[in-house]
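Read from first to last, the chains carry the letters A, B, C, D, E, F and G; within each, the first residue is number 1.
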Amino acid sequence: MAFGPAAMGYDRAITIFSPDGSLYQVDYAFEAVKKGWTTLGVKTKSAVVIIGEKKKASQLLDVDSIEKVYLLDDHVGCSFAGLASDGRILIDYARNSSLQHRLVYDEPISIDYLTKLISDVKQMYTQHGGVRPFGVALIVGGVDRGVTKLFMTEPSGQFMPYQAVAIGQGGYSATEYLEKNYREDLNVEETVMLALNSLKATLKPGEKLSPSNVEVGYATRDTGLFRKMSLEERTSYLQKLG
Amino acid sequence: MAFGPAAMGYDRAITIFSPDGSLYQVDYAFEAVKKGWTTLGVKTKSAVVIIGEKKKASQLLDVDSIEKVYLLDDHVGCSFAGLASDGRILIDYARNSSLQHRLVYDEPISIDYLTKLISDVKQMYTQHGGVRPFGVALIVGGVDRGVTKLFMTEPSGQFMPYQAVAIGQGGYSATEYLEKNYREDLNVEETVMLALNSLKATLKPGEKLSPSNVEVGYATRDTGLFRKMSLEERTSYLQKLG
Amino acid sequence: MAFGPAAMGYDRAITIFSPDGSLYQVDYAFEAVKKGWTTLGVKTKSAVVIIGEKKKASQLLDVDSIEKVYLLDDHVGCSFAGLASDGRILIDYARNSSLQHRLVYDEPISIDYLTKLISDVKQMYTQHGGVRPFGVALIVGGVDRGVTKLFMTEPSGQFMPYQAVAIGQGGYSATEYLEKNYREDLNVEETVMLALNSLKATLKPGEKLSPSNVEVGYATRDTGLFRKMSLEERTSYLQKLG
Amino acid sequence: MAFGPAAMGYDRAITIFSPDGSLYQVDYAFEAVKKGWTTLGVKTKSAVVIIGEKKKASQLLDVDSIEKVYLLDDHVGCSFAGLASDGRILIDYARNSSLQHRLVYDEPISIDYLTKLISDVKQMYTQHGGVRPFGVALIVGGVDRGVTKLFMTEPSGQFMPYQAVAIGQGGYSATEYLEKNYREDLNVEETVMLALNSLKATLKPGEKLSPSNVEVGYATRDTGLFRKMSLEERTSYLQKLG
Amino acid sequence: MAFGPAAMGYDRAITIFSPDGSLYQVDYAFEAVKKGWTTLGVKTKSAVVIIGEKKKASQLLDVDSIEKVYLLDDHVGCSFAGLASDGRILIDYARNSSLQHRLVYDEPISIDYLTKLISDVKQMYTQHGGVRPFGVALIVGGVDRGVTKLFMTEPSGQFMPYQAVAIGQGGYSATEYLEKNYREDLNVEETVMLALNSLKATLKPGEKLSPSNVEVGYATRDTGLFRKMSLEERTSYLQKLG
Amino acid sequence: MAFGPAAMGYDRAITIFSPDGSLYQVDYAFEAVKKGWTTLGVKTKSAVVIIGEKKKASQLLDVDSIEKVYLLDDHVGCSFAGLASDGRILIDYARNSSLQHRLVYDEPISIDYLTKLISDVKQMYTQHGGVRPFGVALIVGGVDRGVTKLFMTEPSGQFMPYQAVAIGQGGYSATEYLEKNYREDLNVEETVMLALNSLKATLKPGEKLSPSNVEVGYATRDTGLFRKMSLEERTSYLQKLG
Amino acid sequence: MAFGPAAMGYDRAITIFSPDGSLYQVDYAFEAVKKGWTTLGVKTKSAVVIIGEKKKASQLLDVDSIEKVYLLDDHVGCSFAGLASDGRILIDYARNSSLQHRLVYDEPISIDYLTKLISDVKQMYTQHGGVRPFGVALIVGGVDRGVTKLFMTEPSGQFMPYQAVAIGQGGYSATEYLEKNYREDLNVEETVMLALNSLKATLKPGEKLSPSNVEVGYATRDTGLFRKMSLEERTSYLQKLG
């Protein structure tokens, strides 16, 4: 990414428009997302799958103890790419919002509404001074009253519904793979395999997916529940992947 | 858009006048509006129609799940061009204001007053420090006690009544079409067709309107209600359009 | 308007004096007034007339629905030139102040005092940081206990009593006309005609005043009430004007 | 007034000392005073007179309705030179302070103390950030328990007692005249004539004082009351002046 | 005083250290002190004397009504050099503190403690943003339980005990005189004469001290009271001075 | 570390993204960590060991009285590298949080959650204006319900689980040693020896570890308690180390 | 001290890291400490001694009335080098904290904890905007439950325990002397003599210590009390010193 003389200072202050109507700080926050670990989600009629990659940045990093896919409530989970500490703050906020919704209305929060709540916080951090935008994009997915849902929220606070979406370092390659292979009518297992294959498409020659560096969460239309795969399940799927 | 040396820093701070009496930040916010998806409204004696275009920016974007025309109350709806996250905040505010008006006065809010409320928030964000203006223009329309109403609110907080108005990427072409073809005495169906035709006028050669990438909301003088068209209705109208 | 090197940054910060004792931000706000639609007021012994011009900036603008002359209370009205959204905020404030005065003191607010209240808000926005001055000048007029009153408030918060005053794009031409033709002893109809003629003096060759693009408000010493002219009245006066 | 390179930025920020111990913003505020209408006060043993000049800046300005000398309480009045809207704020403050003093202590406020209160507000606006100094100098005068008093308060918040003082555009010429002709033992009429003559000394060739463009307020030791002259009184004095 | 390139901007912001550990704003505030009217204090075993000079800056200035030496409480007084309006604020604060001490503890405030209170306010204005330091130095003196006390507080908030101290325009000459002639065992009259003589040492050829332009306050160990000299006393002492 | 022209000001403001999505202030805070005293932690199945080095920067420094390894609760301790005063603030916060958890829930705080609490404070200081990030990295370790835990929290607020981690001046050499020699199945004594040996690997030729300049804290799976070694224990281990 | 181009603006803003992880404002505050009067502390098993030098900067300065060593509580005292007004604020804070501790817990505050409290305030002033760091270093010493204690707190908020420590103008020479001559097993008198001798080592040829320009405070293990030496004691010790 290159900025010529056109930027001329519009990118150094928070919450200010440049002459062409851009908010540079928000654009730069998206660069933090692009540098994050690859994260992707796939939504078919039968299931929603969210996969997060975990890179063993240091040999002594205890990768197995790192969480990359998060439950927000029984029916909804998420992952993110970008600044991990920013993501954590938003996930805490989402969990509290879900819990409070259950307490107040005695029913699960709708995934559209939960995504909107997260995104409203993000928007606020792009319009008021004294703060910087959140440097993180979240993929939120699950099952709402029998319908699968998948959203991606940007640092600007904009969120969009997707059939499949991939962000982070491998976002471009994974999206390319998904665009070629996505079909709405895959069954649960096929949906998981599509997600894993699109992550595999981001690997460099010689790299290999292992149960330690992939986390998988999924929700099926039948159960209506979002759950994370155990080590055994992940191992089994990766063997099928070859 | 080009700024020569005349800008000289007046455009880098919020809520400051330039020597010629302009507020550059507000002008730049309008640039964000011009880059938005095309949105337009038409008001005749018999109906008000608001159309929002949805571009399939990415192949896997679930365009059908994106909302572009919003109900604010039974009798009034809106759409916007510009920063989607900014628009969402103002629509939430408008819905809450409408609801509260019903609770307090036991009658629907007038569309003039609702538009003024939205615009007052926008004005506030152009005069006080520590915030940026809203990068969004809203088209608000509906039926007030048997009279059709249509307004457009600018990032400055100024709002104006229109017979027809188009904003966003295709704003210029659509306005040109509307100026040539607008008549006050169209019936409901003709009003819808005028709106769709003016959106069609913004397409590049080879592009085509489809039920998935157009949302239509309308209110008729007879019913006094604002409603969004179903997929079937949209399909039927687009077939007539050819 | 041209600023040489003398400005040297004193005009880029709010509420700061330049070496010659000027507040540039306030001067620049006045430039916004000069770019506004022409607005003028005339006060004679028998009546006060306030006229606002409405330009059909866009062909589809619903000019008839735009308000340019505002009632503040039974006996007093106003118009403005400059940023419309700023004007709206001050008019709301003036209406609330008038209403509250009636509630507390059970009598109409004096026009001097009402003008002072508006101007105090304006002054505050020129002395404290974090805000910009109001980019609007208001013409306030009416009848106080049988005496006609006419004031103009500047963005600085200064207000002055006038026999006649014109601001906005045509301010210079209208003032010239008024200076030549003003007499204190005109009757009500003559006062209205003087006001209309001075607005006519601002037109370019080929332009013409029409009932749609002029709003007229007036108060007579006899009634003590400020009212806006109906379309019929405006049509009738413009026919006399020729 | 010319600033060479020595200013180097110390004059662009509020409430900051320059290397030579000056507060440039306060000095610049005094420039606004120097550009104001001429205002002067004279104190003798028998009377205090305050005169304010009113320039008919525009031909249609209703000069007779402009107030330039203000009563603060029964025994004390004032005038000012500089930014009119700033002056108004301080006069309101002074009137409220006088009134409150009567309510709390059941006796008139001393003129020394009242002047100190005004000046304390001014000082505060020179030491704290986020505001600019008041661009106005007030001349405060009256009779305290049989003793005539006259003060001038500067934008810095400093105030000094004077036998006679003149500020604004004609301040220099009027002071020159006063220094030559002032005597402590003039009677009331002589004091008024001295004040009017010193204002006359500021006129350019061909200019003339008229009852419409001079306001006169005065307090005598005998009555202990500050009152403004009627049109008749002013006319009569100006005739004597020739 | 000259600042070479070494200052490089460290002197333009409040409460910031320069690389050599200086607070330039505080140093500059001291320059305002150096430009003030000469003020000095002398402490011997038998008395404390504080003298303030009053310059007749303008011929019509009512010098006799200007106060330059201030009583803070029965036993303690002060004078200052620097910005008069800043000094007034601190003197008000000192008087209130003394009064409150009497109300709460039913005994006079100690002069050490009173000086510390004043100095703590000054320190606060050098460490927190949004304000400038006080541009004034106070000389505080009096008698505490039979012991004479004399302090000088600097703009930094530092205060020191002195046997004799002189500040303002003539500070250097007066200090020189005092260093040569000070003795601890002078009686009351000799102490007053030493103070007057050291002020006389600051005069230019042809200048002369007069009872109108010198104010004298003093406290004696015997009475324990601080009082200001009457015109007669000052006249008598100045005659002795020759 | 070297910054070329690419930094161009993005590194001088708090909480602002650079065009490549970095937060330079957070990166610079990490430099403060790299300059700190070497600190390291090792986690095996049987024990967690945290070692902090203490350099005798000055000959008269009372090194024995300096604490470098801190108990946070019975089961958890920590050390840090970077700004000591920043570390102290976070350790106080961690101790209070642990205590409060016991009071409210009557059970020890989980080490994951405690680390998250510390890290949330850190994150907040990277996103809001008016503060700087914490210039310190903490190593937190202990035993949670029979499982050994070890985390390192960065200035950004990100925290990661580690098998072993070393920070500060000797962080690179110690990590290298740990990567070669770490095994998960060491017993308690072997774990301590590994930690000490990796610290030894950071010494320059001629330097030697002594009981005064090493602090050791450890928790064993068997006891579930975190305790600091006595001088005797440290002496005994260092003798074994040779 | 010299700063080359490397500083490049990082040293002009508060609480900002430079690329190498330094906080320049804190470093500059330390320069103010280095310019202060020499202050030193010595801790042996039997006693803690704190000495402050007082320079007669001006001939008329009443050096005997200046306090340089302060009691904080019965068992603990302190001195400082740097900005005297900053030091005074922290000493007030320390005294209040000690007093409050006695009131709440009915026992003397521990010297470690008291030093931590002072240092926490200092840290806060280095991490939050709108303030500058404290430009002062404190030496705190005394006896805690029979154990001698000595700390030095830096402007950063870091504090360290010392056997002996010297700061201010003569800090380097005194430290050199102390490093050569310090022994832990000196008796009370020897400890005092070591402290005085190390201060003597900072004198220029021809300078001499006198009872007026040295203040001595000390606490012995036997009494557990911190007390300041009388003039007689100081005179006697200085005679022994020769």
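General remarks:
Assume a residue touches a chain if its C-beta (ideal position, glycine included) is under 8 Å from a C-beta of that chain, and two chains touch if they have at least 3 such contacts.
Just so you know, these numbers come straight off a predicted model, no measurement behind them.
The minimum number of touch steps separating chain A from chain D is 3.
The mean-CA centres of chain E and chain G are about 31 angstrom from one another, to the nearest whole unit. Separating the centre of chain B from that of chain G, both taken as means of CA atoms, is a distance of 69 Å. Chain A and chain C, compared by their mean Cα positions, are separated by 55 Å. Annotation for chain B: residues touching 2 or more other chains are 13, 129-130.
Beginning the circuit at chain D and passing next to chain E, one meets the chains round the ring in the sequence D, E, G, F, A, B, C. Residues 1, 3, 7, 11-14, 24-25, 28-35, 58-62, 65-66, 83-86, 88-89, 92, 125, 129-135 of chain B touch chain A in their complex.
Looking at the complex, you find that chain G touches chain F at residues 9-10, 13, 15-23, 43, 116, 119-120, 122-123, 126-130, 150, 156-158, 160-165, 175, 178-179, 182.
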